[in-house]
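Both complexes shown next keep chain A, but they swap its partner, so chain B is in the first and chain C is in the second.
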Partner chain A sequence: MSVKNWVLAGAGAMKLRHLLLIVAGIVSLYALLLLTNVNPGDAGHRLVKGTLGLDMVNGHLSFVSANAISGTLRETCPLLIAGIAVFIALQAGLFNIGVEGQLIVGALTCAAIALRIPGIPGIVLGTIGAVIMGAVWALPAGLIRAYRGGHEVITTIMLNSVAIYVTNGIVSGPLKDVKQESPTTPTLADSSRLPFLYNTSNAQISSGILIGLLLLVAFAFWLRRFVSGYELRAVGSNPVAAKLAGVKTAKTIVMSMVVSGGIAGLAGAVQVLGYTFRYYQDFSQGYGFNALGVALLAGSNPLGIIPAAFFFGLLTKGSSALQVLGIPKDSGFVVLGLLIIVFATIRYRKLISVTES
Partner chain B sequence: MDFTKILLFNMIALGSPLALAAMGGFASERSGIMNIALEGNMLVGAIATALIGHLTKSPWLGLLGGVSAAVVLSLLHWLLTQYYRMDHIVSGMAINLLAFGVANFLDQKYTDPTAGEIPTLKINAYYTVAIVLPFLIAAYMRYTKGGLRLFAVGNDPSKSRQMGLSPVKVRFLALTITGVFCGLSGALIVSTARYYTDNMTAGDGFIALAALILGSWRPIPALIACLVFGMFKGLEIQLQGVPVFGVHIPREFWFSLPYLITVVALAGFLGKSRVPAGLGKT
Partner chain C sequence: MPVLEMLGISKSFGAVKALDDVSLSVEKGSIHALVGENGAGKTTLMRILYGATAMDSGTINLNGQSAHISSSAQAISHGIGMVSQHYSIIPELTNLQNLMLGAEPGWTISNKKAASRADELATRMGFSFDWNASASTLSPAGAQKLEILKLLWRNAEIMILDEPTAMLSPADSNALFESLKQLTEAGATVVLVTHRLPEVISHCKEVTVLRGGKFVGSKPVEETNTEELAEMIVGHPLTELAPHQAVGRETARLTLQNLSAKGYRGDLAVNGLSMELYQGELLGIAGVDGNGQRELFQVLTGGLKPESGSINWDGEDITSSTIGNRIAKGFRLIPEDRHAEGVIDDWPLEENAALGLQKQPPFANGAYVDQHGRKGAAEKIAAMFNTKHGGLNNPMSSLSGGNQQRFVAGRVLFLNPQLILAFQPARGLDIDATRKLYDAIRSKCLEGACAIVVSFDLDEILIHCDRVAVMHAGHILNPPKGSEHDRQAIGRLMVGAA
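So, the complex of A and B:
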């Protein structure tokens, strides 16, 4: 397809009302920036420096801060893995809003195991435990959707809240580090941490991101080349046709939900073993919701998760970089909300018929 | 006051904001629009009530501001789901995120912790409205043309279109109502506390949704569910550190109870749930 055709196809898909929406989004962001009394140029400069570590030195662009880019990658990693979790469910036509809850349950399980068992066995068992707990936390949503027809979104929202209260209860009770004021577990020993790919005094890059990338490649391969992956997509794109073709739709729905939950649990484990080295109250900063944005932005290609997750990583790191200018950190959620709206209106209109079934 | 009196008071005080939001959810879901954005509507209602109440020193203008802000946000949900045909869940999620970000932004930038309490109306008036409203809605649904239309559009949009109704218009009105009730609920929450604190609604919008589901999308059972949830919240406050039957129950247990009950209900263990047949259809 030539560039001209591509542009024409893009313009055809984009209606005037979509254009209006994009303009409205940009205008509201700009209005927000004006309200903060921040010079947009200054904000942009800080954003690039704080996320990518690039700055103008003597008139040409150069790399000045490894700390900034490692921070961005640190934010990208949980979004990458959690994004895969949301993406799997989305391929089966399910919204796993519960990634948030599955992630924190997995993280707490992993921390609890890795604190008891030191070294590599602790890492392995902790990860397995996290995957299992994440899957268990997603199971009711899958079962209720498949056999009772209850909407998975409602179930997962409820289970998210339960997860938050249960983990808070455990981390401020039995697993609390007695030496600390705030509710947190003790810190993991050096032997039960994931190795660093790059480690200097001011910047570390954990191998967690590598796990995420490998998982993504394996997942993309499975989705395209395995019967179960094909069935998953069949159920997602047309459940009635899939059922007539002999796919066990109920089983596929439960399976995709459980796999999605397991990967969300893995995201929690990697976060504990590779980055935070402990579990603490309010562990997740909305990873599950950001991951939904990542999966929506990725479109229909699993490899699209990589740029989408990186973009959201930039957004998260960027909003903390902009805090210095007096822009509240959580304003990043406004950007996230607007992005989801714009992308979902343009690309995801068909999902209505999918979730209707 | 003795234990029962406090319990009853807490039940009404903590159940009322839930009931108002649940009625908002009722209007939306009965018209066929899935609405997980109740939480966001409430939060924006709360921050707008606090800010405008402060600026104008008038409780009425504060309330008006809160309700209008929630209506605007609720109508955004209408615009996205009906005009842009966006998935109801995605739209609701996005609106919650927007509301959370905007409320946090306004709170950090404009509220002044030293400015003192916000002006409020009589709290008892809110409670009365919250308790009476579900009965009025039940009567409206049963005895009026408007109620029947709402019911029809929510149950089968395509047939009601053939009957000469316009689902999109009915839903516009329904979501306006949703905004009003959620705004009232947010205003009540901030008026009770007399100060705005960050993420003040703290999941109440989702509890209201849970109550609506438990009540099988009917107003009076939903009210009862809200009051029961309010009572659990009150029990949590009252029983802090007090053993029940010799056991110390962690407060997290009481917090998570409404959600657990809802999951059990969704699994069909508490009788058949009657979902509006046209929920999520266009």
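So, the complex of A and C:
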């Protein structure tokens, strides 16, 4: 597939339902603004300025704030990588609700390693450690599903709780920065951070987003062009037919869960190395859960993860930009919740008409 | 006066004209057969009558009066009921709950009262049911009977049965027709959609033939015969049947020794079975459903581990070899349940073409998918049995059932098959396509492969297979010398009588 085809495929992933969804998002935001008694025009202006950095200057639409777009990309990056993690499990027919836990376990592991080993070796080893720990955290759920039939939704939710309390315990104890009041690790040295793509005093764009994009392209290629990708999708679409086609379904389930966990761990590592530079209590603001929405929104085409993650990032950054107007920050999540319901209705309506016929 | 008249019915799906000015007239108290190839429009016509599909134009008269039917609820209130090809029995519910489902007597349910009415209906038909038993224990014949009782429960006067005998043994089919006869004598009317012409000749009063969405003709059954009907259905004289091949039993390719395997109930569904399959052989296994045919196939494909015994292929013990390894040796399966086992509905045809063959060229190039090779292969697979499709990028679900079956059969024969395992391969195929499929299997056998076909339709096996065996209670029984193709002798073996 040529580059042009890739772009076309990406555009193809952007279907009518996505447009509908964006319209629904704007409408529900508008309704929310009316409820909170805020002038929608003013809010819209702030929203565009606060997320994309665009504003009207002397009657021309101009780019005025690098800070705004860098903040949006910062929110997009973990959702993009964690979205890939959810998506790969989904392709094998598994709901990995445990991305949240796998992500924080990976983040803590990465911070612990990068704090001890300075420079590029620390970055590399920290990332590898995070991937391994994320994978290890997902492994039990995969094994239980494949060989005992225990549902991965239940086991991964349990593993999330374990992850949250274990990481909180560690960051309050052995890894705590003694100079700080709150439970957090010390901050990484500059040499232990991912390089910036853009770096000025008021805005930085980390190369983390680039890692996410490259990973996504590689993953999309693997899914379509490798026999193992084909087999994984077959297991997700019809496990019985896949088994009769000679696919080792149990192994495929375990593998996809482990890879999903590994990528979730990577999302945690990138977050630490590229954005937060430390690990602290309650590290993830629900990235793993929002990633479920991202993967759902992406539909069946992996390239759909890009617009979906960006859209989620936009809403998250947008709701903090609107805080100035007295709109609670969590209102963004209200809108997200509404959107996921609308999307599910559009997407799964078809299933019902099939069962009726 | 006919109890049911459908006049000038037309229906298009997009650009496809599924029905073009079709008429049907059914006398009260008769069994009226509706026959035709796949895609002839039989099911569409019946779905229009049942209110499940809206017609574009035409009229429906019931007892001489024009009737407006735009939903299944309206059809039911007019006394029309339908049993589709796929049973709608819910295994998690009891028989009684299934019977009432959707037509409960009121806001509250008295199981006692309901069971007594259910018993009354069952006795009228000569059936008997344990109403509190779980429906998961029903045999296919039992499920079919329950479906018919569901229609009676809803006071249906006109019953549409879509391929009711597709899953039944000859004995069960005969019993079913006995019950239908009783029903029609009591004043009910049956419209029977079927592929099986002998059934039409022996049990129906009138027959209507459709072809390509058009009305071909209606005849009293006593004025016609299977050959004439077959020609009306396909529109031209049928291809000659290939003669049975006598195979020199020289090279045994598949040897099963003392093979036992557990069924889903935990009993030994395959029970100490031994048999040999020779190079070039096309073996048909007849038998009543539920005698271990399914488990035998699962053991042969590698999906079920045998409890004891051995499987030898070309002299090599493959008892514990995986499904994938067997596929690599040339084992190919036409599965019983195409939807659940053979295809991925929402994938394009091109990707479905590779299913099972995904590791081998031309579908793969090492670890990579060979997209070019796969496309070419998919074209050949679709062409083998003239699968009608709107493009290889369309999803499998866009094909009719018969065309899906053609595609699956094409895939099985595409890449050097050595052991062809076919479970009810003619399901959903018309007469001509069935002949072509068996011819293609036989020509692979003549090239050195061998094949085992399981069917519950004894006639299909007698007509098409070179050697006939019977599966009964987990054993393979061979008909006595001199009556290898004798219907009576084989029928006796099927019910376990020597």
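Throughout what follows, the second predicted complex is superposed on the first by the 315 of 357 C-alpha atoms of A that agree within 3 Å, B and C clash if a C-alpha of one lies under 4 Å from a C-alpha of the other, contacts with A are read in each partner's own complex, and residues count from 1 in each chain.
Quick note on the criterion: a contact is a pair of C-beta atoms (placed from the backbone, for glycine too) under 8 Å apart; a residue touches a chain by one contact, two chains touch by 3 or more.
Values in this document were obtained by computation on a predicted structure and should not be read as measured data.
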- Task: With both structures superposed, pick whichever of chain B and chain C touches the larger number of chain A residues.
- Result: B
- Query: Between chain B (first) and chain C (second), which does A:P328 come into contact with in this model arrangement: first, second, both, or neither?
  - Reply: first
- Query: Given the touch rule stated above, what does A:L61 touch, chain B (first), chain C (second), both, or neither?
  - Reply: neither
- Message: For A:R225, using the defined touch cut-off, is the partner it touches chain B, chain C, both, or neither? Pick first, second, both or neither.
- Response: second
- Look at A:V217 in the shared chain and tell me whether it touches chain B only, chain C only, both, or neither; answer first, second, both or neither. neither
- Query: Which partner does A:A234 contact after superposing on A: first (chain B), second (chain C), both, neither?
  - Reply: second
- Query: Where does A:K243 make contact in the superposed view: on chain B (first), on chain C (second), on both, or on neither?
  - Reply: second
- Just chain B (first), just chain C (second), both, or neither: which does A:V124 touch? neither
- With the two complexes superposed on chain A, say which partner A:L19 touches: chain B (first), chain C (second), both, or neither. neither
- Query: For chain A, what residues appear in both contact lists, the one with chain B and the one with chain C?
  - Reply: none
- Note on the structure: Note: in the complex, chain B contacts chain A through residues 34, 36, 80, 83-91, 93-102, 104-105, 107-109, 203, 206, 209-210, 213, 250-253, 255-256, 259-260, 262-263, 266-268, 273, 275, 280-282
- Listed in rising order, the residues of chain A that touch chain B in the complex are 17-18, 21, 32, 35-36, 95, 97, 140, 143-144, 148-151, 153-155, 157-159, 161-162, 165-166, 168-169, 173, 289, 292, 296, 326, 328-338, 340-341, 344-345, 348-349, 351-352, 355-356
- Message: List the residues on chain C that touch chain A in their complex, please.
- Response: 52, 301, 303, 322-328, 333, 335, 340-347, 351, 354-356, 358-359, 364, 367-369, 371
- Query: Quick one: in the complex, what on chain A touches chain C?
  - Reply: 224-231, 234, 237-238, 240-248, 357
